[in-house]
Every structure is written in C-alpha cells, then in structure tokens.
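Letters are used for the chains, namely A, B, C, D, E, F, G and H, taken in the order the chains are written, and counting of residues starts over at 1 for each.
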Amino acid sequence: MTANDFLLDARRDERLRLSEAIFCSGKSPAQIAAIIDHAEARGLSLLLTRLDEARLAGLPPQQRHALDYDAVSRTAIWGQPHPLGSETRVAIVTAGTSDVPVAREAARTLRFEGFGSEEIVDVGVAGLWRLLRRVEELQRFPVVIVAAGMDAALPSVVGGLVGGLVIAVPTSVGYGVAAGGQTALNAILASCAPGIVTVNIDNGYGAACAAIRALGGRPARQGDQHGTS
Amino acid sequence: MTANDFLLDARRDERLRLSEAIFCSGKSPAQIAAIIDHAEARGLSLLLTRLDEARLAGLPPQQRHALDYDAVSRTAIWGQPHPLGSETRVAIVTAGTSDVPVAREAARTLRFEGFGSEEIVDVGVAGLWRLLRRVEELQRFPVVIVAAGMDAALPSVVGGLVGGLVIAVPTSVGYGVAAGGQTALNAILASCAPGIVTVNIDNGYGAACAAIRALGGRPARQGDQHGTS
Amino acid sequence: MTANDFLLDARRDERLRLSEAIFCSGKSPAQIAAIIDHAEARGLSLLLTRLDEARLAGLPPQQRHALDYDAVSRTAIWGQPHPLGSETRVAIVTAGTSDVPVAREAARTLRFEGFGSEEIVDVGVAGLWRLLRRVEELQRFPVVIVAAGMDAALPSVVGGLVGGLVIAVPTSVGYGVAAGGQTALNAILASCAPGIVTVNIDNGYGAACAAIRALGGRPARQGDQHGTS
Amino acid sequence: MTANDFLLDARRDERLRLSEAIFCSGKSPAQIAAIIDHAEARGLSLLLTRLDEARLAGLPPQQRHALDYDAVSRTAIWGQPHPLGSETRVAIVTAGTSDVPVAREAARTLRFEGFGSEEIVDVGVAGLWRLLRRVEELQRFPVVIVAAGMDAALPSVVGGLVGGLVIAVPTSVGYGVAAGGQTALNAILASCAPGIVTVNIDNGYGAACAAIRALGGRPARQGDQHGTS
Amino acid sequence: MTANDFLLDARRDERLRLSEAIFCSGKSPAQIAAIIDHAEARGLSLLLTRLDEARLAGLPPQQRHALDYDAVSRTAIWGQPHPLGSETRVAIVTAGTSDVPVAREAARTLRFEGFGSEEIVDVGVAGLWRLLRRVEELQRFPVVIVAAGMDAALPSVVGGLVGGLVIAVPTSVGYGVAAGGQTALNAILASCAPGIVTVNIDNGYGAACAAIRALGGRPARQGDQHGTS
Amino acid sequence: MTANDFLLDARRDERLRLSEAIFCSGKSPAQIAAIIDHAEARGLSLLLTRLDEARLAGLPPQQRHALDYDAVSRTAIWGQPHPLGSETRVAIVTAGTSDVPVAREAARTLRFEGFGSEEIVDVGVAGLWRLLRRVEELQRFPVVIVAAGMDAALPSVVGGLVGGLVIAVPTSVGYGVAAGGQTALNAILASCAPGIVTVNIDNGYGAACAAIRALGGRPARQGDQHGTS
Amino acid sequence: MTANDFLLDARRDERLRLSEAIFCSGKSPAQIAAIIDHAEARGLSLLLTRLDEARLAGLPPQQRHALDYDAVSRTAIWGQPHPLGSETRVAIVTAGTSDVPVAREAARTLRFEGFGSEEIVDVGVAGLWRLLRRVEELQRFPVVIVAAGMDAALPSVVGGLVGGLVIAVPTSVGYGVAAGGQTALNAILASCAPGIVTVNIDNGYGAACAAIRALGGRPARQGDQHGTS
Amino acid sequence: MTANDFLLDARRDERLRLSEAIFCSGKSPAQIAAIIDHAEARGLSLLLTRLDEARLAGLPPQQRHALDYDAVSRTAIWGQPHPLGSETRVAIVTAGTSDVPVAREAARTLRFEGFGSEEIVDVGVAGLWRLLRRVEELQRFPVVIVAAGMDAALPSVVGGLVGGLVIAVPTSVGYGVAAGGQTALNAILASCAPGIVTVNIDNGYGAACAAIRALGGRPARQGDQHGTS
C-alpha cells in the first residue's frame, strides 16, 4: 500500500492555478515518502500540511533533511516555493495566541504559492483597543483572513470595519461548549456583519487557497507540483 | 383540571425576595384563569409571562380587561407592581430590533418588582460606532443585561468594556445555524471576555431575576403575589 | 415599538462600500414600515430581504405599491438600485429547481448594488453532463456562487473545475438527514476541493455581499441607503 | 471471562449464506484466542475484523503465526478462505488514499467469502478527470462499492454515472465538521443520485456482505465458520 | 420562474436504466405544472413523489384529472407506467401501520418501473410471532425492503433471518427521542445483522431504486420519462 | 388502506399480561375507526392514546359517543376497563401544572388495566417545602412515577428520598435548551440518585406499563383487547 | 484534598434500603484511599465501581490486597457483602460478548446487596434462535436486565416476549453512528415494546439498584456501608 | 513563536477592575514562559489557569519554583495576590467530590483578586439532608457559586432556597449522557428556579470573575498584572 494507493491530480495546476497539497494526517509515513519520491522523480515542489513531528520522524532521513519544516504550523515544503510576488495583499489576524498555528498554516500556504502576508496577532475583542488601533491598516488589504476560536466575535467586528473580503477561519481553541471549534464556526456563519465567508475548522490551508482564488490565482508555471488528498 | 392542577409557592417571597411569575406558554386559558382567580381571592399581584394573544383572548373578559398587557413582551401584570425604587441600576442593551421583545420582558419583570431600567437598542457590533459612543454611560451601571441573537458577539464586546455584572440573554433571532438561539448561547458561554453570565434562550424574565438577586433583592412586602411554573 | 426600536448603521456605506439590508423575517410590519418611512424621509434606497407575502400585505398600501417586489426571492427594493456596471463578473449556479429562490436572492442583492449576474440552473451532479457542457463558460468568471442543498456535491465538483472564487451557499432543500441544510453546509465545509468558502444556510444575500467584497466593493455614492438587522 | 462469554451463531451459514465475522475491537486477546481455539477444535475458518496490532500481539504465538494478517485493513483469516469464484463482479472505488483501509476491509471480506474485486483508488471529484476515464469500466459491474470521507461527493457522482447497485461506505477521514464520518454519511443519505445505499461509517465489512447478498449469496459449504459479535 | 427553472436529465434512462422522478415537496404548483407540460409535449411518462393534496389541488384541472394519484403514498403517475414484469422479486415489510405510506411509495415506484412487489404489514418485533410465521416466505425474495420507525428493531431481526438483500428504510414514525426517524436510521446503521443497507428517512422511492439496481435495472424503452430534482 | 394496514398482536395479553394500546398520532381517522370496528366485532376493550381532538372529530359519530374520552391526557377507552384492584400502589408526582397531561396519561393507562393511582401535583424543587411535606406519604408506595420537564431535578430529589421503584417521565415542557424534553431526559439518566429508571419523553403510557410489570402484571382475563402500533 | 473533600450519605441506607457506592472514575487514588480508611474506621462494607487497574494500583498495598476485585466489571468490594437471599429473582441478558463487563457490574452490585442473578450471554437478535430457546426460562423472572449496544434491538424483542420488569442498559459497544451508546439508548427509549425502562449508558450499577427497588429493597442491617459520588 | 505571539491587554485592569488570567491549556511551555518573563520584567502578578503538571514541568526551573502552584485546581500564581478583603462574601458549594477541582479554581481566582470564600463540599441532592442543614448559613451570602455535574439538580434546589446571586458552574463530571457537562449545563439553563445564571462547563475562573463583577469589582491598584488568552 504505497505507490498503488495514490493518484496525483496532475492537471490541477492548469485547471485551478492552485497547487495540490498533501494532507498528511490520515497517511502513513510510508505513503508520504512514496509521494515525495514521486515528486522528486518528476522535479515537482510539494506543500505538506498536518505533518506532525511523529510522522516527520518516520520519513527517510534524506527526505526529512531536505524538507523546509515549520513546527508551529506543522507544514513542510519540498523543493522550491513559487517566487514571491511584489505586493502583500493578504492580512492574517488572530484573536489569541492559541490561534497562531492555524494562521501560520495560512501564511505558509500563501508563501508556497508566491504570496506574502502580514500577521496581526492577539487582537481579540475582550481588549478591543488592540484591534481598533490597527483598523486603518487593515482597510488597505483586499483580503483579510481572521482566525478565531471560542466565541469567534472577532470576525464579526472586523467584518463591520473593513470592506475587503473577510475569510474567517474558526479554530478549535476553547473547551466545554466551544466544542472543538463548532461554536466558533456557527457564530461566524450567523454573523451580523454582511458578506463574511468561512472554511472548515482549523483550515488555514483552505483560507489561503480561497484568498488566492479571490486575488485571481497564481501565475501558471511549468512542471508544477501535484498531490493527493 | 384547573384548581387541582396547581400549587402556588406561597413562601417564595420570604425565601427569595422574588415574586413567582406565571409562565403561561404551556398552560390552558382555563388554568391561567384559575390562577388569577386564586390571586384575586387573596389580593395578590401577579406577573404573567409568555402570554400570547391567543391565550389572552381565551381569558374571561373581566380578567382580560383588568390586566396590564404588553404585546411586544407578551407579559401581563395583574394588580399593582411593586413601588419603583429611586435609582436606575440596570441597563438593557439589544443587538438588533428583533431582540427587543426579550429585552422588554426583562424590563417589565424589573418594573413589576420595583426596579427601573434603561434600554439601549440596536447597537450590534456590525456597526461598532453605535455602541462605542454609549460606553461611558454603560460603565456607570452595576448590572448590564445584553440581549443578542445570531452570533451574539455583542456581549463579548460589552463584557470587555464595562466592569459591572454582564448578564447576556441569547435570543432565538436568526436562521440556519443560528439554530433557535443555540449558537448565540454557545458563543456567550465560550466568550473571551471574563465573567459574563447567561440564562436560557429568550429568557428575559430570568435575566431580570438574576439582576435583582445581584442587587440584593427586592424589599419584602406583606401579602405578596405567588405563582406556579 | 417602532421608531424607537431601530438605529440604522448610517456609516456602513462609507466603511464597507456595502448597503445595509433590512432582514424582515423577525420584524413586524409596523417596524418595517417605520424603517421605510425613515428611508423615504432621507431619500435613501433600501433592499429588504426575507419579506414574505404576509408581511408585505401588512405594509401601508402606498409603500407596498412603491416597492419592487420579487416573490421568488422574497426581496423588495425601495427606491432606485445602484446603476448597473458594464461587465457581468458573477455566475450563479444551482443544483436543482428548489434552490432557485436562494440563487435569486443573491442575484437581486447583486443587482441592487449595481452588479449583473448570470444564472445557470438545475445542473446537479446526478446528471453530470448538464454541468460539464458549461465548464468553459464558468471558468471565465472571477466569482462563482453555487447554491445547493441535500448532499451539496455540486460545489465540490465546481471547485475542482474552475479557478475563480467559489462561494457555496447551502440550501435547506431536502428532508430527513438533510436537516434543514446542515448536511449541505457540512459537506461544503468538508469539501475535498481546495479553497471553497461558504455562508449560512439559504443566505443568498451574504453570498452576494461576499462576491462584492471580493470584486473590490461598490463605488461609493452620495445619499446612500442604510438599514438595520 | 473467556469460553463462557461467547455463543457462536452456528446456524448463520445455513440461514444467510454468509459467514459470521469476529469483530475484535471490543474484545480482549484472551476472548479472541478462546474463539480461535473453538474454531480450531471444529475445523472452521474464521474472518477477524478490526484486529489492531496490539491485540494481534496479545494472541498466543502459534495462533498469531497461523493467521493470514493484513495490516492495512486490520483483518485476519484463520484457516482457508472460500474458493474464489471465476468472475469479478464487484468494483471498489476510493476517493482518496486515506480511504484505502476501509476499501481493503471490503476486499478482504469478499475474498474470504470467495468473491474477487477490482480496486480503483484516489479518484475523488476534486480532480474529476481521474474518475471520468474509468466510467465505462465501472458501468460493467453489477455492484460498485464506493468508500469516501470528508464531503463524500464521489458516491453521488458515481451513482449518477453507473446503473449497478452502488453501496457507499462513508469513512472517518477528515477533521472539524467531517465529524468522524458523520458528514460523509449524511451527504450519502441525502444524495441527489437515485437509489444509492449505505452502511455504517468505516464499515467495509458490511458493504461486502451487502454486495454478497445482492449477488445471491455464497454457495453453501459443509463445516463452515461461525463467529460472535 | 417556471420553464426556466428546470433542466431535465434527459440522458438518465440510458445511463442508469432508471427514470428520474419529480420530487415535488420543494416545488410550487406552477413549477410542477410546467414540468408536466414539458413531459406531455414529448410524450413522456412521469413519476411524481411527495405530491401532497394542497399541491395537487394547485395543478390545472386537466393535469389533475389525468394523473393516477395515490393519497397514502402521495405519489402520482403521469402517462403509462412501464409494463409489469412477470415475476415478483421484491417483498416490502412494515413494522407498523404508520409505516405504510413509506412502504407504499416504494411499491408505487417499483410498479412505475415495471416491478411488482408483495407487502407484509404490521409485523413489528413487539409481537414477534407475526413475523416468524412469514420467514420462509421472505427467504424466497432476492430483495426485501423493510420500513420501520421508532427503534427500528425489525430490520435487524429480518436481516438475521433472510439471506437476500435487505434494504431498510427508517421512517419518521415516533416521538421524543425518535427524533423524526434519526434514531431508527442510526439503529439500522449500527445493526448487529451483517450487510443490511439503508437510505434516507422516509425514502421509499430510494429504496425502490436501489432494489431495481440490485435486480439488474429496468429494460430500456424508447421515449422514456425524465425529471428534475 | 384501512383493514389491510394493521395486524393486531392478538397474543400480547397472554404473553405479557398487558393490553396493547392504539397509538393514534400517526394514524388517520379511517385507520383508527377500522381498528375500533375490529375490536367491536370481537367484543374487545381498547385504550387509545395520543388521540387529539381533530382525530376524535374524524371518527364516526357512534364510535365517538361510545368512547370514554379525556381531553387533558388525550386518551380514550373503548368498552370496559379492567376491574379496579383494591389497593393503590402507584403514586404519580408532577413538577408543574404543565406536566399534568403526561401524568394523566399514566393514570388513565393504569386505570384501564385495573390499577388505581394517587396524583400529587406541582411539587417542583424550586419550592422544596411542597415536596418535603409529602415525603412520608410517598415512602409508602412501591412505585412512584415522577413527571417533570425543564431541568427535571424533581426525580433526583424524589429518588434520594424514597426507596420504591422511581419511574421518571421526562416531559417536553420548557423552551430553548429544554429542547422538547431532551434536557429533562438526559438529566434523569445522569441523575445522582441511584436506580432511577426512565422512558421516552412524554411517555406516560410507557411509565404505567412499566409500573404494571414491576407490580407483577395484571391478572389475565378472557377475550382481552389488542391493538397495533 | 482528601478527607475534607467528601461527605458520606450516612443516612442513605435507612431512607432507601440501598447502599451508596463509590464511583471511582473521577476520583484520585488518594481520595479513594481516604474513603476506604473512613469505612474501615467505622466497620462499614463498601462497593467501589469504575475502579480501573491504574487507580487500583495507586491504592496502599494493604487496601489493595483486602479488596475483592473483579477486573471484568472493574468493581471492588471492601468488607463483607450482604448475605445472599435464597431465591434468584433477576436474570441478566447480554446481546454480545462485549456487553459482558456492564452485565457483570450489575451482577456484582446485586451480589453485594444480597441478591443472586442468572447471566445469559451472547443472545443478540442477529442469531435469533439463541434467544428463542431461552424464552420460557426468562418468563419466570420478575426482573430481567438486558445489556445491549449497537442497535439495541434485543431489549425490544425481550420486552415483547416476557412480562416481568425489563430494565435495558444501553452499552457503549459499537462504532460510527453507535456514538458511544447514544443510538442504543435512543432505540431503547423509542422501543415498540411496552413498558421497557432504561438507565444511563453502561450503567450496570444503576440497573441493579432499580431491580432492587422493584423487588422491595434490601432488608435493613445495622452498621451499614455508605459512600460518596 | 514566543514573544511575537502574544499581546497583553494592558488596559484591562482600569477598564474592568479585573486581572487578565493566562489560560494555559492551548499554549506551549515556551509561550507561557515568555509571558511570565514579560510579567517579571514589569513587576506584574499573574494568575495562570489550566496549567497541568506536564506544562508546569516544561517551564524553566526558576519560574517553576517561584510559582505558587495548586495541583487540584491546576492554577498557579506568579507574584503576590491582591490583599484579602475583610469580609467573606462568596460561598462555593459542590455536589460531589469530583466537582472540587472546579470549585477550587474559583476559590483560587477569588483569592488572587483579594476575595475570601467558604467551600461547602459534597452536598448533592441524592442525600438532601446534607444541604438542608446548611441552608441558613448559605442565605447569608450575597453570592453563591454552585459547582455540579451529572444532572446538576443542586443549583435548582439551592436557587429555590437562597435569595443571593446563584452562579452555577456545570462540571464535566459523569459519563454517557452526561456528555462532558453538556447535560449539567442544559439542566441549569432550563432550571425551574428563577434567576440562576451560568458560565461555560468547568469554568470556575469565569464564575469567580462574575462574582467579583456582582460585588462591585476589585479596588484598583497600581502596576497590575495582565495576560493573554
């Protein structure tokens, strides 16, 4: 069960102008290694998400050392990311310190695809002044990603203050009724601010892909990377 | 099934310094009329909640006309409310127009028990400036009741701005994932603002009772009203 | 409880380049009429959503006749919509006939704000050929709104075929485990296609607002309309 | 608590033309060993499902070595499987690599009962071309098993393309709202494609049994295996 | 919003050897009438499901009178059903009287497609003798549809007694924790009997389609009916 | 769909020493009338539960007038109930006035089967003195049925004070998180008092049957009534 | 946090004729040891439930060795159980091998209180003949406890065959939609068999206590054991 | 990801007269250490909650030794708590031994902010006499915090007996339907006692903050501690 068990979507790049990422959490180290081998043989770059340290440790040493790994976001990049565009068009805002890993997954995905981003952390509404002093800055971005758990009041407040596309990412931060992010997700969907959109809980990767779609996609490049989900 | 079916808690007033209210929504007009008869015979005042217009119409005309009925909050007062105290110590804030019936139920309950209140409506966070210009005013109240549905981001923001007791009432306003107020309730419970408390969905009556408990209760009075739930 | 019960967000337009809409489903005809009066007195245009025929019938005749009402989407426009832009940049796709009211709410909101749209109906995946013959056409739109209920497989398929921003709107179409749109919503959020975003169940209005945000917002205009939620 | 705690359904084979399998996940190694002993004493073959490596390690060495164990599907066969029929009448399709263990459990169950199967992996709808090039092949099978997690859009698409019996198996692949397979299950049940059937989450064994039922059952054989659940 | 709002899947018959049915519950009488007009113009037969009496009354009289309507199952047939095959290969079993409408929807769908069926009613497990005396009869059918609500114990018992394909249809019969059929559905999915399959709550139509798929489909016929969902 | 749609469990009485009741809420007046006809032809007595006034009005006049109907509990008795035993061995306690219909259904079922009962109403724990003065009385009953909605704290308190069998019936009284009785049910199941048992929400009939089982059943009688569910 | 953290219900025995049990799963070894010390000092016997092997290992050796521990049910008895009554009046039936631990907890609780019981294992309805041959035997018991997980069809079948009090215990056996026993619980509550009662998931202790209540309680004894929950 | 990942709410103390606490459960030891460093550099005191022993062990030794750590409540205090006020105005009541950790978190929070409290443990309603003998004492406190899991009947009983502010904290104690505290929470919200308020499951910290708000807040002090969530 390795090489036979995956079939990369080799045509995604031309269709979507998005790279496929390898979502690692349901895969064995042997499967992940086989996919990297496949990419290496074809000269492809790859983004790996949800690669925890246990799975990383299970990869062959030469693969492990060649990866650009970030422990906070549990992402890894195999090969070269796309060249960075000149303008930073995405802001990433977090309600609290515990939301940073999700925000970082978005930032890493954006970077892999050639987009820079600006992170603004720990500006949850319990201390509203922290956000209010950044509003003018935020209003200049065409896309704002907001990662928030617990009651996720922050996306509603941001959505009422800035006119760009607001992509809220509910996070699994919290306990009890926070219910692994379900309350944050529902609060975002029921938001009183008009036109906020959202993605699955903790899905920083998806928020970044949506941002890229909204910004017109990534410029195509020959010999691009592919993946399997 | 009328007089045999209820047993008023005749000792509540002395124990709790709170009047029992008659929650009407599960009761037949005949049962409600029997309770009013019982109160009339003993010279008691009564607060009736969730008395919709259909049930009201089913009461005997002389009862119906003697009631002080408020259609917005669906509350009625039989007899005299308690004398109004001199100081207004409770503010009632609503996120939107649709939350007003719940806020009004709280205001009517407070008034019945002798407490005045100040209502501040339609200050939801999607237009944050509406709330921000009232903050100093709100900071002067020892108790602030906040009624909000949908994502209920308002209680979190209020709870981060004022130091008094914040009693949030989730309302059933909204659709889809708002789930009849469940999302608002969960968002309040998962709030990032410290020390916010809450009550059941749409329970303006309960919020008012909690406010009275926090303010040290109502001065006792002879021959007080009682009820059944 | 009419004029005192609402407070329009008079500054939304300048902040967000979006008009506030009046969400009518929790409001009484008297409240809605008061808001229209308020708009009329200030020369504002207004979009009213979730205005069912019963509420419409409860409005004063002169208001009722002056409204541009669409029964399918239950939307009404008071005054003039924004001038239509020259280019159609939004496609609206529906899985089945029953999803049309939600799609139409999006189309009406877009039109009110000055954006045209292209509707493509009844292309659910059970008869995949209906969608496949429209793919090239869809790939030319920067924003595609997809309304789908039941299993909501259509947004995943669309998201794998077009590279623009895909805003999926789950609808409450279906029965049993469809659960009023909750299954469609969850399927969209768990989609295997990268970067799909979503809004609350049946929220065609929100999808349209998100599209406008992604397209850079509406050009500001003097004396704009406002609303209350 | 070993030999006293189980009672094999010795008459299942004659009633159902299906062997009972031993579902191991709630049983101790001692209980499993006692059941194997019981089978050995009677010359029966046995299929064991959900036998994780920890439980396998807890079996007596002579049992452990005599088992035909497959780590991917966590199944083991004690004794001889039924002779393989000549025709392959079941296709097993998976949306992604992570769905393979469930598909393999179905394949192993089919093999144990004497049925061959054809596996087609990683053809999820996000890259639709992977499925479309296999449609004609799939249309030739009287039974198609489809294992899919996350949004489970694949069974709807397959169900709209092939006319045989489509048995969808929701898998627990995914995170957040995927909810351990509940969203996949609900999406399958709410499918817009007519006549798709389903089984419990991750229940590859059940899908295989249903396929056998639909194909008219397995030819009876003397001295067949039995089990306990 | 009539003729523009639907797009029949004209190719379903050739792909699936199944007719598309018109699911009426989310459609207006005007939409349904337009679809019937469309079928009439092309000489197609049509099956309409979930056609309640209010919608039926809203159809034009000439359509209404030409329909073969069954009030119990809320189904109607426009034009001629497929010719009845010679053999009855499907049994339909119900746990209680209240499950009959769902069973009848399955029987009507089968009949429309040219399949006869045998109904066995009110054999719920609380009076087990009623089922046990029919077991031998049931064992002769290659497909058994079982409709049951409440605790849905009947499909488990049937599944342990007969070897054919058992398609269980959970019904919304019951109250309290029965939860509109959710408990019946879950009990079926968690059944201890091997290889039982299921469909959405109250989905008699889907069970019939699955039976037809399992039986090898309906013989194709020229000029077949089509529909929209 | 009348006489063909039911099959009475004619052997229940001899097996269980319990009469089958006709649960009317999912049945049409025509079906109910056919069952009464069937009973009349055989000289059986019948208990009908959940017979609302609309269905009652749909019965033939001669049936309607011959029924002993109780509007509070929505039960009717056809023919003669069993002779009343000499001793009252069941107490029925209710937390509030709104729980009386459920309690009455239990009382009527007990009476039909020949058992008397003692009702003690409106002794919810918010006014604990009302219960405490009845404790000694309650301790003398071998079976105590407790009907309570909302938080259902009463069964826990009763279960800690009396040693007889406590059968708690959660009721659908309440709003918001009361969730149609689900919270009351869960609170009863999670009770800190040892050995409390429960039945479905609002199931006064089931509580009475359980009481009869615990009391050793009803003495058998020839020519007993039967029913269908 | 040891001796100060508990307060035994020293009067339970005289009120309820039931011993309090020590529910260990939320308590530290130090707390459990302090409670045993307290019992030892007063010469009390104690039943400990949910005492897993890790907590057992954390007790002082002299306590650990003096306990009568049963690993299957995770129960321990400190001191002497009540003397065994002469007649066995409770049967305990399990659907499968995995339900045995819950059944054993009931048996141990009964034994501690002086009641014998008869266990009948692995008679789930998938192989109905296993149960049917035991029916006459079961009909002789005044109380039958039935432990079943997954779909919990067994209690419905038993409840339709025996007239004694049927106490069903849902177990957490199963996966996917079995949902930790919630489906089994709901199926039991929605059972079509009349008068079945139930307790919390896996609560063998509670079922035993209910049986004792139904059997008239345990004869009082001086110097009885007490506990804390 | 340490110093960059947090932004303390330096102005909370002046706004709310409440200290911000550091909620540790989602933070790494490195993040917690950085926050303590930040506090040390500014001479601030800090309250840390949900600091389990694993995270504590991950702190630098000099920090670890300087903390005042309480293992039961998993709280730690860095620096000096606020000076203790002269009067004890808060009672903390627990239903069982397992609720003590939550109660202790409230007590520690109160102490940190300068408020004493009185703990009354293990007075759950199953042994009602334990509570009744403390009622007069409880009636003297202006604020009563009640921590209870399982069915949470205790807050309802307390709320019916004392007139002060009752802040109920549902705990995650229990199993099966207790559902991690959700049933306790819902029972509290649906309580029949008037004016009970609540907070998130296990949120002893929040209950203490609410108590402080109700008591008029803490006297301000220069150079106060701050935190991040």
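Here is the rule we use: a residue touches a chain if its C-beta (ideal position, glycine included) is under 8 Å from a C-beta of that chain, and two chains touch if they have at least 3 such contacts.
The structure presented is a predicted model; accordingly, all values stated were derived computationally and were not measured.
By residue number, over half of the touching pairs seen at C-D are also found at E-G, the match among E-G, F-G or B-C. For the pairs E-G and G-H, the count of C-beta pairs in contact is higher at E-G.
Averaged C-alpha coordinates give centres for chain B and chain G that are 44 Å from one another. Rounded to whole angstrom, the centroid-to-centroid distance between chain A and chain H, based on C-alpha atoms, equals 35 Å. Counting partner chains per residue, chain G shows two or more touched chains at residues 12, 20, 96, 124, 126-127, 160-161, 176-178, 182, 185, 189-190, 192, 194, 200-201, 229.
Remark: chain C residues 72, 96-98, 100, 104, 121-124, 126-127, 129-130, 150, 173, 175-178 touch chain E in the complex. By the touch criterion stated above, chain G contacts chain H in their complex at residues 1, 4-7, 9, 11-12, 20, 25-27, 31, 170, 172, 180-182, 185, 200-203, 228-229. Put simply, chain F touches chain H in their complex at residues 95-96, 124-128, 150-153, 156-157, 159-161, 174, 176-179, 182-194. Every residue of chain B that touches chain H in the complex is listed here, in rising order: 12, 15-18, 20-21, 142, 160-167, 185, 189-190, 192, 194-201, 205-206, 208-214, 216-217, 229.
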